[in-house]
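My questions will all concern the structure given below.
Chains here go by letter, A, B, C, D and E, matching the order in which they are written, and residues are numbered from 1 within each.
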């Protein structure tokens, strides 16, 4: 082929389109940085909207593989969409790079030579938060999360590393619960020294609103994973100040690539700020570039490309990392906090490194060695 | 006198504070045409509805053919041979006239858990339906969708549907209402003919028709039976005159 | 004679593709009581519906109190002063009896002695007893009374009754006829459809006979009674 | 004990919040008998308008008032252009048409405001917790919601059940043709009532914005909840909707608060901790199913048609 | 009874022919994706047709029909996970479980009418959704991957794209034929009569709810079949297929195509899903177009697309 074709499956409609847009923005920026060429060949990207529905995601993946005959598929915010689409890609031996979703199956029994991740396995982030809480000497915690697979994984992730006492654990109705006062009341009355929550997107805004309005913010500190990010921050405003979270990428990580990325992103998309979703998508583009360059553009050499990608031989925005046997990054996790910029804007800031070279705990189950 | 076909004992039905049927007892013997008359709101329709099971009584019993049917649901009573027409027309509006009647014939035939054959091509159902339509004078309108029939035609269709279930006891709630003069006369003739085959309970405000047809007349006022007798006696009954007939009908006779 | 109140001139009306009225005409003068007769399905109700704008006429003209009303929405026609007692009663099932009477009531024409709830209750004591019952729970005859009462409560210039005595007990029916003659005596204009030719001939001034959507005869009560042949031919008596 | 009282309060106030969300729909669906799935969209528009106007004017109250007017107009326009053709049609036609409107509004909002959602910050005087009983603090804003919900309930009840206009709406819903033949301009009346319903939707949207979110699709889950409440209460009954909302709010809150502990008492730990969250997710639907199986026309059936 | 609808019959015939010939076109043009796309459309058409049986003919507006898609799918998926790969076991089980679920739901729901029925079916479907989300052994909310499609002892290979398509198409045509026969049978007339006027049907001797329930169960089973097909098509099943918006999609397909007409739902599924797919090719804001289109169709084309075609042929 005389161009590199990349399919990009993400969510571009509905409320979560905000994530898809950010991923696309960053991916486009990565292509700009690559001169919109990979190994001298023009790049063509086909963006497809999965509407956050597994069967649509699968259909779009099929379209990309069968109809557009793409060389790489990138994207996937949601675990269930990824899992539904995985087989199509693997069966056709098309390289798939998950730029966000990290279900345990992907790290374990469903790992594949053709599948790489530029994000993490779901449990890693909350586990890092648990470690941080140990470091801070938190004695006890009350866990609250949505009642669905990722929610349960997140709470289990904290529990796997947190050494203190878990005084209570509440699951709320997903995605439709409006009111958290019952849970907040319970948490306050439990006497726990801290609360941990996982609420992505709008639910996170909602939770923080109610947490602050109920006056609990002054009483019990909150720890989070995937609850405060650059997308929710403008809506959470002051409610988010002082609420720590764990992440593998923060906008102020001190490496040259990251500085350029954040600066150019703000320039190219005025009013917007990049997120870890975008950083992961950016890395996916770089990962593809590294593979294509390694085989000098001969995309039929799948094995060589796989070998090249396994080296993670590119300048990742999070700094260097290695791939595990299951193609999931072995990487650092950082503590992030919300602070006011000099210009009065709220933004995220790296406070500490919680854990270095963390590997997910499912890699043993992956048959690839 | 023969054993009653229908026997009602001490029936009571209340709606909130209103007692629509007040300790009512009556009998209908096989072969008679038994008219029920009474002022508006006397409880005639409520009585019919209790007989056919659309309304359940608060107390009392209803026996049909020697069997206690007080608590049977309406579809079971229909299968025992009780059929009614509705005062306020109740038909399958988006079906043709003949389909309405054929369904009634099908109900009489039993066997409706048949999933395969085309029911509209079953000759005996269609023939039975056509015959019933002819009988009420709607033969020419068989294919017309009910919602396109005029009010009077729908009233006639009500009767055809009831007939098609081949009942033993036919309960007619104001079959003449809405019929023109010609059609009324035709209906009277039809009922005269029908009574030879089937026992009929007739609720009607058309006194000419009632006096021309009835063997016996029961008069209801406020849910109670105030009289039950042969037409001539009813015509002269003072209380009935006062409560219901007025002077005019006491003297004129159907011509 | 008195001025023309309603004039229907050669109207044609269809339900979908099937035409029901073929150039039907009639006329009602102020203070007059006119009867519309014909066998079942000949188009009486359709005529009323066309006048009221419920099933608009496709051609012809309808004038009420001097104004052309064909093509107007039905509420405007009604507001000009037509009160309808429709075929099949059409009371509001989810309103109480009292609400049914009150909801659309009014004295738009400024009648000097308007109908009130009390007057209706005198006419139909039954309705007073059932005042707080839902319309749907009324007996057939009670619903009919309610429909008549409801129309009267709008104090119309022209009262249209489509089979208003259907299902009423003989005593009440007599009452209605008496009431109609009383109304007429007070100068109320009435258009009435009923199957009781005897009573109609007694109190109506003029009659129209409809056959298949056309006016085939019109004349006074005396003329009608004088022609038994006519009654036989068109009304089947 | 304190805990129980506090949770009861939570339940009550959540119930009233739910009533506020359901109020507009009670009018349009319960009384006018129009199945308006786009009610959720109007609710979303209310929140977006309020957030936008509040940002322009810098005042929460002013922004809210402007947003109310805007949703009223939007509702009227919507009714006038499209929905008035659908009264008296099959409920399913209304479902399809208004489903189309949901799609439209979601994308229109995304086009105009972007996918990110908006914030509607509260004025400071509404953010302080208030001590209502000694020892129990309540967010001031939630008290404001309670007050608004009660006011809306009273208003609706009086307008619909006690005024001529209410009679006419109910009559028009059951038989449009006849009410027209009695001289009432039912089209105009319905347009205005629909507008009022839209304004109530907008009010609910903007009132919830500070505690929930201003997001695309925010109306959809709430829409189902509002339908659930109206159906449990009995379609057409304002009193029913009011009581059902409180009932649902209570059961939902108390269920989530106490069910897990109760289950842990009767089931083994592991079984309880899987069953409890699943059960509390289903609670509202379970509740509705039970109510309808026992009382097929809801708790307080309005007059039968 | 109905006036002859020549245009709509012609459209239906054309439609069938096109569906049958589609793989040929796909092979000749080399456009594989169109086959994949239409496999999904055909499956949804079957589900919509089953919904039409209860909604269009039976007057039972179920807002929980997607539950059967999930149940059929999970029957296949769970059996596959547990090592039972034979279609001869999986499929009958899928049908039976769907039918059973319909029986229970139906028996409870049929106490209600109208909007109450809509809401109670919704409630049950939502409960099914939450139960599936709680099945952590079978993937919970993330869904269940099906590693191997149903095995029919070599009679047919579901992993072959064309064979699978024809298999789905055969199911659709079989389903439609069945529905057609049922609708015109004695049973079908009773069900339609009950839709039209329940009181009247009871009064002439039909136990309305018994007929309704049987109809409800049949439709549930057919939709369960569609669910089994869908699971095989996606190689995946997740609670998301049962969410209420999915039931809404099915309703939209039925109403859009034309309720109570045999081919309406098929047409509805094709138009709705194709429109969705095509619009998404050139705009991200599909709703801005799709929404008003739906609205216009309702306002101007009573009886959906089929109704429109019917009116065109009558002039």
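In the analysis below, a residue touches a chain if its C-beta (ideal position, glycine included) is under 8 Å from a C-beta of that chain, and two chains touch if they have at least 3 such contacts.
Please read all numbers here as calculations on a predicted model, not as lab measurements.
Taking each chain's centre as the mean of its CA atoms, C is the chain most distant from chain E.
One inter-chain figure worth recording: chain A and chain C are separated by 75 Å, centre to centre, where each centre is the mean of the chain's CA atoms.
Per-chain CA centroids place chain A at a distance of 36 Å from chain E.
Distance between chain B and chain D, defined via averaged C-alpha coordinates, is recorded as 48 Å.
For chain B, the set of residues that touch two or more other chains is empty. Among the residues of chain C, none is found touching two or more other chains. Shared interface positions of chain D, defined as residues touching 2 or more other chains, are 106-107, 110, 224, 277-278, 281. Interfaces, counted as pairs of touching chains, are A-D, A-E, B-C, B-E, C-D, D-E. Those residues of chain E that touch chain A in the complex are listed here as 31-34, 36-37, 40, 133-134, 136, 139-143, 145, 230, 234-236, 238, 240-241, 280, 284, 286-287. On the side of chain E, the complex with chain D involves touching residues 55, 61, 108-109, 111-116, 118-120, 122-124, 126-127, 130-131, 133-134, 136, 244-245, 248, 251-252, 255-256, 259, 285-288, 290-295, 297-299, 302. In the complex of the two chains, the chain D residues touching chain A come out as 2-3, 6-7, 10-11, 13-14, 17, 106-107, 110, 114-119, 121, 127, 129, 137, 139, 141-142, 208, 210-218, 221-222, 224-225, 253-254, 256-257, 260, 273, 276-278, 280-281.
Against chain E, in their complex, chain D makes its touches with residues 35, 82, 85-86, 89, 91-93, 95-97, 99-108, 110-111, 220, 224, 227-228, 231, 235, 274, 277-278, 281-282, 285-286, 288-289, 292-293, 296-298. Chain C makes touch with chain B in their complex at residues 15, 18, 38-41, 45, 87-88, 126, 130, 133, 137-142, 144-145, 163, 166-174, 195, 197, 235-237.
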